[in-house]
Structure formats: C-alpha cells, structure tokens
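Every chain is named by a letter (A, B, C and D) in the order it is written, and numbering of its residues begins at 1.
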Amino acid sequence: MLLQVEDLHTQFFTSRGVVRAVDGVTFHVDAGETLGVVGESGCGKTITALSILRLIPDPGRITSGRILFRGRDVTKMTDEEIRDFRGNDVAMIFQDPMTSLNPVTRIGSQIEEAMTAHERFTETVARPRVIELLKRVRVPAAESRVKDYPHQFSGGMRQRAMIAMGLSNEPDLLIADEPTTALDVTVQAEIIQLMKQLNRELGAAMMLITHNMALVASLCQRIIVMYAGRIVEEGPVEQIFNSPQHPYTWSLLRSVPRVDEARKDRLVSIRGMPPDLTQPPPGCKFHPRCPFVIDKCRVDPEPRLEEVAAGQVARCWVLMRNAREESVEAAKQSALSREAAEKLKEAPAAEVGGG
Amino acid sequence: MAVIAGRPKRGALLPVGLTRLTESRAGSLAFYVVRRVLWMIPVVFFVIVITFVLMHSAQGSPWDKAGGRQLSDVVIRNLNEKYGLNKPVFEQFFLYIWNVLHFDFGLSYQYQGKTVVELIGGGWPYTATIGVLAFLLIVPVGVGLGILAALRQNTRVDYATMGFATFAASFPNFVIGALMVVFFSVLMYKWTGGDFFLPAGGWGVDDHLIMPAVTLALLPIAYTARLTRASTLETIRQDYIRTAWAKGLPERLVVIRHVLKNSLIPVVTTLGPTFAFLVTGSVIVETVFTIPGIGRAFVVAVTSRDYPMILGTTVLFSVVIAVANLVVDVLYVFIDPRVRLS
Amino acid sequence: MAVATVEQAVRDWEVAEEQVGLWQDAWVRFRRNRLAVFGAGLVLFLIVVAVASPLLVNLGILKNPFTQHVDSIQTAPGVNGFALGTDILGRDTLSRLMIGSAVSLTVGLLVQGIIFPIGLTIGLTAGYFGGRVDNLLMRFTDIWYAFPDLLFVLVVVSVWHLDGPWFIQLIPIFGAIALVNWVNLARLVRGQVLSIKEKEYIEAARSSGSTPVKLILKHLLPNSLGPIIVTLTFGIPQAIFLEAVLSFLGVGIRPPQPTWGQMVYDGYEAIYANPTAVVFPALAIGFTLLSFTFIGDGLRDALDPRMRR
Amino acid sequence: MHLRMGIRALTLAMVGAFVVSACGGTNETSGNKAPADKQVLNVNDGTEPNSYDPTQQTYTYEAGIGREVFETLLKPNAQGTDVQPAAASSFDVSSDGLTYTFHLRSGAKWSDGQPVKAADWVYGYQHLLNPALAAGYVDPFFDTTIKGADSYASVDVANAGAIDTFLQGLGLAAPDDNTFTITLQHPAAFFKWVVTLWVAEPIRKDIVEKAAGGSFPSSDTTKPEIWAQKAETIIGQGPFKIQEIAPKDHVTLVPNPNYWGGAPSLQKITEWFIEDANTAYAKYQTGDLDAITVPLANVDTVRSDPKLSKEAKVYPKLTTFWMTFNAMKSPLNNPDVRMAFAKSIDRDKLNKQVQHDIQQTILSFIPKGMAGYDDSNKAQAFDAAAAKALLQKAGVTADQLNKFKLLTRNTTRSKTLNGFIVDQWNTNLGLNMQLDVIDSKTVTSRIRKSNFDIYGPDGWGADYPDQQDWFDIFFTNSCGSLNWGCVQKAGGLKGYDELVQKADTELDQNQRNADYKTAQDQLINEAVVAFLFQDYEYNLIKPYVAGLTITAGDDQSLPGNFFWHDAYITQH
C-alpha cells in the first residue's frame, strides 16, 4: 500500500460554525494504481487531496486521522519534511491551468524549480530535463518554448506544462484535481489521451479527482464516490459502473450519456443542492435528495460502509439492488431541466451534477 | 507607449532565431525610449501654455508688496519695462518659448540679477538629496513593512503596520516634522545636556539629513506599505501560489519568486510618481527644516508671482515626472512580461 | 480580514443554500467581517455626530464652537470645563471637532467620489485601448502631474467665488481637489488593465463576443480592488488637508466654520504651547481613515467573485 | 510662508525709556569677554534678501544685512531722537535749508583697503536714482527731495542718453574727496533722516564695471547688478563684510578690518534664513541661535519656563496696527459708521488676552517712542453702546453691513486677530460678518484696486522716526497704491493734504508737531482707520550676548543690529 488514509477529518472553523469538509474518510491507494474520486462540487474531494499535501488554507485544519505514505504519517511531518514531501513523493495537478501558473515567470523556470526544490536534481541536470519533460507531454518546439511566459501558451499547453511539472520529480503518487474541467472539449480529449499514455508509460500511482465519468472509466481501476465529506461507495471501476449500489452513485451515472448504449432513457439529474456542511441533515446525508428514500434514512443514524459485493462497499439502507422497479423508473423519469439536457447533448464527455 | 501585443505571432516560415531578432527587446526598447523622449516636447510645451495662461490670470502683480509702502507707479512701469512685462502677452509667450529653445529661462523677478537656471541649479541638489534619501527609505521600509504585514496577516505585526500607516497619513508632515523636532532636538538636547540631539533644521550632509528625509518619507512609506500589503494579499490568494507550495518550494522562494514578483507590480506603478514627487521637493519639509531647496522656492515663486521662476520650475517638474513615468513604463516590461512596448 | 480568508477557503465546497443575488451575497459577507462592521459603525457614528452636534449646541449640551472664551486661551484638556481644551482664540476644541466633522467627512468622501470615476475611466480607456489612445492619455496625465495646482487655485480664487453656507462653498473645493488628484488612480488602473488584458479569459470572452469593457470591469475590479481602495482611502485625509490649504488660498471653507484640516494647520503655530490642538483633529482624521480602510477591505472581500460560487 | 504681518517695520530708532539693554546691565558688569573664537553670533534673518545691492533693498530682512556691510552718512541715535554721525563725521545745512554738506571721515577705507571717496557716494546715489534700475525706495524719499530728481518719472528708461542727462543733472556733488554735497528742490527738515535709509550708500564704480566686464550704458538693467551676486565683489565700508552667501540658508559676516571705528568684537555673525518660527524656537533651545522672536502662541510657554523666561525681552517697535475701511463703499463712506466699527472692538481683550499682553493698545496713529506720540484723543475707545447708537444715527441696518467681508491675509496670525475682531463686531453691533481669507498677493492687489470692504490688521512701520514718513500715506494721490488716501475721494479728510505738506517743508519743529497733531486728530475723529495696537517684539536673547543696544528701529528679529559693532559674547 502506497498511501493509506485513515479516518481523516478536516474541518474549517468559520464564523458561521465548523464546516466538516472531510468527515471521517478512509481509503488507500496502491502503488501503480489509478484511483478515481468522484462526486459533486463541494463534496470534499479537493479538500481530501489538499489534506494529503497539507495545503489546507486557513482556517482549516486536519483535526484527526492519519495519512500514511509509505508508512510515514504526513500529519506528523515537520515543516521541512512536508516541504520535501510535496512535489517529490506526491505531486498535484490543479484544475485551472489559466490561473495555476505564475504569469510573470517563464514556463521553463517554473518546471525547473519544482525539481531544484528537492535534492534529486541539481540545476545542471534539471535544465535540460525541462525540455525533455515538455517533449514528453507533447509541447511542440519545446526547446524554444521553455522561455515563454504562461500567457504565450494556450490553455491546453498550459495544462501540459502543469502535468510536466507534476511528473518532473517522478513522484510515486500524482494527484490530478479536475485536470480537464477548465479546458474546451477538443483539448480535453487530447489531455485525456496524454494522461492515459503517461499512465501506461510511467506506472506511477494516480489519484484522479473529477466530475468526468468518462475519464474515470477510461483511466481508473478503482472508484471512490464522495458525498458531503464522506465516502458513500467504493469499488472496482467495472463493478461500480455496472452495478452501482448507492443511489447517489446511481444518479451520478444516470446523468452521463453513454456512447456505447442506445439512448432509450432520459438523462437524470440530481435534484436539489448538496447540504450545508455546518448543519448537515440528520440520518443519511443524502436523504433529502434521494429518490429512494425511506423513513429509516431520515431517522436512523447514518449507515456504515458495508460490503455489498466483492471489493465493493456502500453506505446505504436501501441499496439499488433492493430498489423497487417502479421507483427506479420514476427516478429515471424525474425531470431534467431542459438546459441541462441541452448542455449534456452538446458535450460528449460531459460532467455530472450541478456544480 | 506600453501596450500589450497580442500573442506573439510565431511565423511558421521564419526561423526561430530571426523571429527573436525582430522582437529584440533592446532594439524595441531603444526605439520606444527615443519616442517617449520626443513626446516630452509637446508635454513641456503644453505645460508652459497652461502655466502661462494661469500665471497671467492670477490676481496680483510681481511688484505688489505684502504690506507697507508699495512701489510707485513709475517704478512699476520701469520694472515692467526692465522685465518685458509691458509687451503684449502673446509676444511675451513667444519670446519665452524662443528663449527656452536656447535654454534661457530668464531672470527671476524676486532675486535680482539671478537667472532661473542659477536658482534652480542652486536649490535642486538640496531637494534632490533629501528626496533620493527619502526614496531609499521608502522602497525597503514601505515595501518591507507591507510584505511583512501581509505575510503575518492579522497578527500584531500587521496591526502595528496598519496603525502606523493610518497615523502617518493622518498627521500631515509638518506636524510630524515639528513633533520630531520637539522630541529629537529640543527634548533630547535638554535630557542629554546638549551631548546628543538632532539639529532642528538647516543644511548639512550629516545628521541634518535624518529628520527631513524621514519626515518626507513617512507618508509615502505608509502608502507604499498599505499598497504592498493589499497587493500581496491579493496575490497570496492566487492559484499559482498554491501551485508553488505544492511543488515543495521553501517559503522563502514562494514569497520571493512567486508572491513578490506579482504583488510588486502595482507598487512599482506608484513608485515613479512618488519619486518625482520626492525629488521635486516638499514645501513643508523644506520650510520646517529650512532646506534651501526648490520645493519652497516654487511656492515662494507662486506667492510672489515670480513668473520666470514659476515657469522654470514647472518645466523642470514636468520633465522629471515624464522621465519618472518613462522609467516606470520601461521597468514594467521587465517585471511584467505580459506588458510589451510597441 | 479574518473572515475573508475563511470565505476563500471554504469556496471549494461551500454551496450557497439558495441562489442569492450578487449584492445580497456581498452584503452577507460584508456583515460577517468584524473590522468592516466596526469601520462602518465608526463612520455611522461620525455621521450621527455631524448631524447631531448643531442640535447639541442648540440644546446647550455642547459648548458653542464659535464662542471665544478669551480668558481661557489655549487651555489644556479638562481645564475650565473644556474637555479637549481650547484653541488660540479660546474656542472649545471638542465642539469645533464635532461641528467640523460634517465638512471634513463631506470633503473626504465626495472628493474621492469624484476622483474615482475620473481616474477609473481614464485608466481603463488608456489601458484597454492601448496604442495611440494610451499614449495620448498618458501624456495628458504627464501634463496634469506637472500642473501648477497652486497657481490654478489662485486663479480659481479670482474668478470663482461662491458665497453661502459651507456646502455651497465646497463646490469649487471639490473641483479643485479632484482635478489635481485623479492622476495617481488613473495610472494605477491603467497598469492593472495592462496586466489583466492579456489574460486568457479576456481573450476567450472577446472571441465569444462579450463586450470587452464589461469584462475588464468584471475582472479588473476584483483583481485590483485592493490597491485601488488603498489609493482612495489614503486620498481621504489628503483631501481633508488640502481643503485647509485651499482655504488659506481663499477657495476653502471660510472661518469661523471649523474644519479638521484647518484646525490642524492653525494648531501648528502653537504646537509647543498647546500640542493637543493639533493632536485631536489629527486623531479624528486618523480614525476616519482607519474606518474607511476597514470598510474598503471589507468591500473588496465581499465583492470578490472568487469568493462566490 | 508669510511669517511677517503686513508691515515692513523698517527703520531707525527710538527713545530712551524704551531702549532695553538686552544684557540688562548684568552682562555688562559680570560678563568677561569670551576669546575671539567664541565671538560668534547666530541670529535669524527669516528670509534671504532679494538683492545684496543695498539700493535695491526694500524689506527689513534685506536691510538687516545691508546695514552691516555698508554704512550710511548718518544713522539714528540709540534713542531715535536725532541722527548721529556715521560715515560722515559731521554735516552742515545751508541757511535756506537747500544744501546739505557731508564731511566724510578722512582715511575711511573700503573692506578691500581702497580709500572711500566722495565720488563713490555720488556714484552710489546715482545708482540708486537710475530710473532704469527701478529701485523701490526712490519714491517718495529721494525723487521728491533731491534737486533735479523730480523728473525721475518722466525719463525714458530705454534711452541711455536721457538717463545720463538726468543723472548728471541731479543735485549731487563731490567738491573734494572728503566732501559730499546734496542740493534739494525745497527745504525739508526731515532730509537728515532720509540719508539714514539703508538704500543711500556709496558704491564703487570700478567694482561694478569690473564685475560687469566693462562699462555699460546707463539703460542696461542687468550688468549693473552683477557685482551684488557674489560675496567677493560685495565690497562695502560698513563694520562687517560678507564672507559667504549660502543661498536661502545663511549669510556669514566677518569683521571689516578697515572699518574706521576699528574692527568689531564679534568675529562672525551668521544670519540664518529660517522662515518657520517654530523651527527657530527649537534652534534657539538647542543653542543654534542666540536670538529669536517668540511666536505669539508660545508666549505663555516661555513665561512659565524657568530658564527661558529669564532670557525673554519685550521691546516696542515703531509700528502701529489698525483696521482699514474702504471708504469708497457706502455706507463705509460715513465717518459715523466707521467710528461705530472702531468703537466696538474691545482692545483690552484683543491685546491683553488674545495677544498675551505683548502688543499694547494704541488709539492714535503715531506710536509711542516717536515725536508726535499723543494718546489724549480717545475718540476710538471701546464703547459698544455708543457704537450701536452711532449706527442707528447713521440709519444703517445690519443687512447692509453683513454683506461686507473682512479681507484677511492667509497667515495664522491675521486669521486669529481678524477672527477675534469680526466676532467683536458681530457681538457688539449685532452683525453677522465673515472673513475672506486669501493669499497675500491677491489681498494686496485687491486693496490697490479698492476691491475690498474692510481689511486688517493693517499698519505702518517707521522708515525713520520722523512724522513726515507717516502722514504722507493718507495723501489723496496714494489712493491706488496704498488705498488709505482713498478716503479723500469719498469726501473725507478735508484740507489734510495741504496741512501735512505744509508741516513736511516747515523747518520749525514745534510748528510741525502742532500741524501733525491736527492731522492725527482728523484721522482719529473721522475713523479713517480703526487703531488697534502698537507692535512689540517678544524676543529671547541668550544671556551671553552682551553690549547690545536695542532700539525700536531694529530690523525684525535682529535685536540691536544698528549697533552690533559694539556687541560681544561673554564667557559661557
């Protein structure tokens, strides 16, 4: 096991109250594996990732839990240890390449300093390696473009540069936070292609945080579904896609148009909004939005993650396999707003959820 | 002028080296600077026009006295004859322009027999010395305090800096100057029996410079500190700062290479005018500390309607300001690659 | 400030309960900023003082600010029942300070209110259009910088003399101060526009047909609101002092109407004998500046779209 | 900027009772002279002279340097009662009162060692009277007195020949190297005082021409002033010479070893140009200045300071302050209205409280300490009830007067005093008048154009202590330059001009005094102006400055500067 996250709680102490952004999350990433983390905006995916690098902004704090990387507890590292850990053992690629690169520093230097910050590469080694990395992420005329500034790069090129930066130290784990969201559709496809390829070539573990189910399907071996700061379902990608057990997972998947499937059903969107994390609803946190809700969901304490199939766990009283046919049908028929439907039609690799 | 060029059009046909050459920074920079310097001619011309018009519309003649016996009409007539003020205003104007083209800025009305060039040349070194000294204080202290306050946001350091900035801005510098004189000169003299104190004014390239330079610098320091703080706080929130942390850069490098490089851009914009303001003199500091500079000379020239002196000083100001702004614009290119000169 | 970061931190997952309007949302965030609320409270207090003090004088609760107690000239605070002492003519400093707040607040605020649109428009235009427009506008500001403002005011004195109550007398002051003070802001805004203009989203938006000015405003304001607020808030005490200088030259508020700036100037001569005559009005100006700084910071954070979902 | 009030308190001196010896006797008896290297005096001259050519000087801060470097034929005595010999050891007046013969000191030398010749005096007076050079103090002192100078106004200043003819035709002569004679147009008893003016000095032709690079036509306006630009070429025959000019900062004076009266004790006088009174006050306390004028606001602080209070000296100036009414404006043309304003100012409060009992109330024109001082006429004394009655009698309503503004110069002191005075009028006459605070030049320009209602504090300082210097300012023809005479255009001061002119040329001193007294009563009774106070200077002088002879004519903040030749520093 490369990374083991145990009962992680990350909370934000705001004037409105304590926001339980990550609320008891436990999962692991194996070496070389690609793990997908999915869920709507605000479900705690990004905070989980930032917690791993201890990049939680004020007034947030990891309040309890352990993050073991190769057996070392990240939460207990000294400032210098965590600094050397970042980018070296675990690297992160951010969502928006437009704003994630320093506008007044040359692309080459930004990649170079990611290496020189750690012991492994000296300046003399790092400099030529930048060009090599840029070539690897398919940046044309890499030799001359290292000297360019971010504004001279297109959005896709910038994301390639970000990826090059992430890979520069050959980290054991690469966290990619919505790497394609901010890009336009054709570029998205290119980046996905690139990531697939790199994934094969490098054999590094990857944690892919995304809305994009298509991306998950094509890259990941395992999926974690998060809702309201908690894991609601986890399992091998095939199993989750074919037989989602949590209604939330089911809803997420229903909202993705499938290219391989004849379109008989209407797409489903999840009604309502994710809950306010200072005051989450009692019982199952998904119950106000769940099409299959039963009284038990409202009253009883939140269910535990229970094994529903080999390697697949889910947190639900009902489980999809127990859901009655007619309620599934009803859920399928439930209204999807016209705009959302239009939007989804235009975008083949569309995202899920409201966001 | 500084404009942003579109994304560089990298000609597919041109070899990379050649493309670089046509975009050669040094070449375009020199061209740009020459153009801007040429632009100073119309700027100075319009400054002269405006000043000339204002000057001649202001009430009171150079020969009116603040009190006591006034000059007789005969004397005034002869003085007007002596200084050419009896000529039509248009003729005076063109004569002035003609003389300026020959670097002749005329004779002061107030200081008999002294040329404006002599008076400004005599006074400016004092003003500029204090101004440059103040500027040397502003950049490290103002910027430093601003960064410190932003990095230690909501701590005592931050509050102290903000408090200082507030009070430096709300006590005008003559009050601050006078209070400093009370403390560092009068009281220190009393307490130490005259062994240690700062001189309460006057010129000298020694401890005489301390209080005037600090007094002059105080408000710009406060302003620069606040501006730097605000700008740094904006920058710290940017995504690329998180990227820098995520790379594992040490704090020092995050601050210097990523935060400051961005947050100082708006600060530099204001440093140019600040510099111009400082080296053109502050009436108040020069009066409180009796510095024989041109800041005071200008105000005296205005209040005594010393026309050639007013014009000469204004021309100097406009050139200093234009040069300071030019320097800032050129500097801009170096600190913000998004901005290009054309 | 504290709350600002919180808002920023939670932005990744926090979801507004309902679709709230931009302004309503900003208001909510502003209200949560304790320093900003404190600043707003202080300003409100000053306004109440400005409005109420003539009334208090009429009711006899406050000493008449115009009465000259020549037997108590330059008294220290607390002596002879003058809470903050008296000035060079034996007038009560406290009541002069309170009565003067109306003028000084108006000058400070309104002048910035005039400077802001002028500086913004010129800076935006120069920065956005670039090229020839930028060059001309910037040379224009060069001229304006060297503008002999003292001379200008002297001319204003001779041609433009408004009599009447203080708010009438204020009209030329606003003009004069604003006229010579918009330049800094214009250059600042221009610089910011130049930096932002090339950002990807502007280009993207431009190609998608969105009006460019709207976009610049949308991105410029939140991105450079901090420096702009600093410039504007620092302009408040400067305007208050400039009013005093102008009144010396004959364009300002005429005595005996007290203003903070004039109190500081008049107190200077007696700084050895009666330092409090300078210190109290300066403190009043200081607290005004401080409150507007807090409000400004609060507004910046409240209006920042990055803090919204 | 303007630390001086609207007064050029230039002058000569003053009488016994008011002469305050700075050392108060104690220094003279107890002080041992300090060694030569300690004989240094630091004083504050306030502002740099506009010119170092004495003929061009018009302000007291200019004369304060010119007087040390050059010496006039005569100078006022310490009491200000008469003139005493200076560069001339004696003088004779012809019986018709038209010819003045000055006997120059034999063996007198310039600071460069050259002998002083009568021709230098002729050249100096011609330099002063050259119309092309437009010296400020020619009119009315010299052009109305010296023979041939009455055509001063009509000379074509562009024509060198015309100027030369004019200058050659002046009643100035040097019959021999030690005799200088001046012929007048008409008898003038005050002419002995005119030659004490700091502008009437000898000038060396060779130095002027050498600095100019050769001779030049008389119409040239710049070349004749080049010599006055540099310390090396400012050669005088006074007790001191200029060693260094640091523009706008200071001037250093050192003894002129060739002075006829022997070199002075003081080895160095530095006159600093410090405009800010607070700065000067601080520099006095840190020992950088040896004498200063205390800003009015700090008077109480000095009085309560055990050390400073002992170093304080108050002495009178020959300066009177008043409020001026624009008599061209109705109803200010009515003497009753003006008197109502004059009688409704409580001078006790003004001078004892607002001015900290430094300035003293005066209800008449000629200041105490000068021939002609007479405080018997109390017509303008404070009486609020009488003032109101006068307004009623004149049938003037408050509305008519409320539109008037009190024109005020932009100095704190003017603002303070006028703030008090307008409050007095508003309180005592039931008015609601306001101040109009404007920059100094604009104020002067408006006064000259009679574009004002009431102006003050206004005043006059003696150029020399003769009444002629005072009464001429109310002449009809001064309207347009000084304004005070304008009252005559509004029908006031009937017969004043004739009376004063008669007194000016009268040789019998008693008759002169009587005529001037009548004129003064006319000024008081018609309330042409409302008299307020006589100016006093409140100075701090270090106890080790000894041998000072302070007179009422001393230049501002330069106590004893008429007799610095005799001053010295004691051991301290």
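Going forward, contacts are C-beta pairs under 8 Å (C-beta built on N, C-alpha and C of every residue); 3 or more make two chains touch, one makes a residue touch a chain.
Just so you know, these numbers come straight off a predicted model, no measurement behind them.
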Pair joined by more contacting C-beta pairs (A-B or B-C): B-C
Centre-most chain [mean C-alpha coordinates]: B
Centroid distance [mean C-alpha coordinates] between chain B and chain A, Å: 52
Inter-chain centre distance, chain B versus chain C - centres from mean C-alpha coordinates, in Å: 22
Length of the line joining the C-alpha centres of chain B and chain D, rounded to whole Å: 40
Rounded Å distance between chain C and chain D, as computed from the means of their C-alpha atoms: 47
Per-residue multi-chain contacts in chain C, two or more chains: 2, 5, 8, 154, 157-158, 195, 198-199, 268, 271-272
Multi-partner residues of chain B (at least 2 other chains): 7, 58-59, 178, 182, 265, 299, 336, 338
Per-residue multi-chain contacts in chain D, two or more chains: 278, 439, 442
For the chain C and chain D complex, residues of the former touching the latter: 66, 68, 70-71, 73-74, 88-90, 154, 157-158, 247-250, 252, 254-256, 265-266, 268-274
In the complex, chain D residues that touch chain B: 1-2, 4-10, 48, 50-51, 53, 56, 58, 131-140, 143, 152-153, 157-158, 221-222, 225-226, 228-229, 246-250, 272-276, 278-279, 282-283, 285-288, 409, 439-442, 444-446, 448, 458-461, 463, 473, 480-482
In the complex with chain D, residue positions of chain B that touch it: 58-61, 64-76, 78-79, 81-82, 107, 110-114, 119, 122-123, 178, 181-182, 185-186, 189-190, 194, 197, 199-203, 287-290, 292-293, 296-297, 299-300, 303-305
Residue ranges of chain C touching chain B (in the complex, touch as defined): 1-2, 5, 8, 130-132, 134-135, 138-139, 141-143, 145-148, 150-152, 154-155, 157-159, 183-184, 187-188, 190-192, 194-195, 197-199, 203, 223-227, 229-231, 234, 237-238, 241, 264, 268, 271-272, 275, 278, 282-283, 285-286, 288-290, 293, 297, 300, 306
Contact footprint of chain B on chain A as seen in their complex: 53, 55, 83-88, 91-92, 94, 96, 99-106, 113-114, 117-118, 141, 144, 149, 151-152, 162, 165
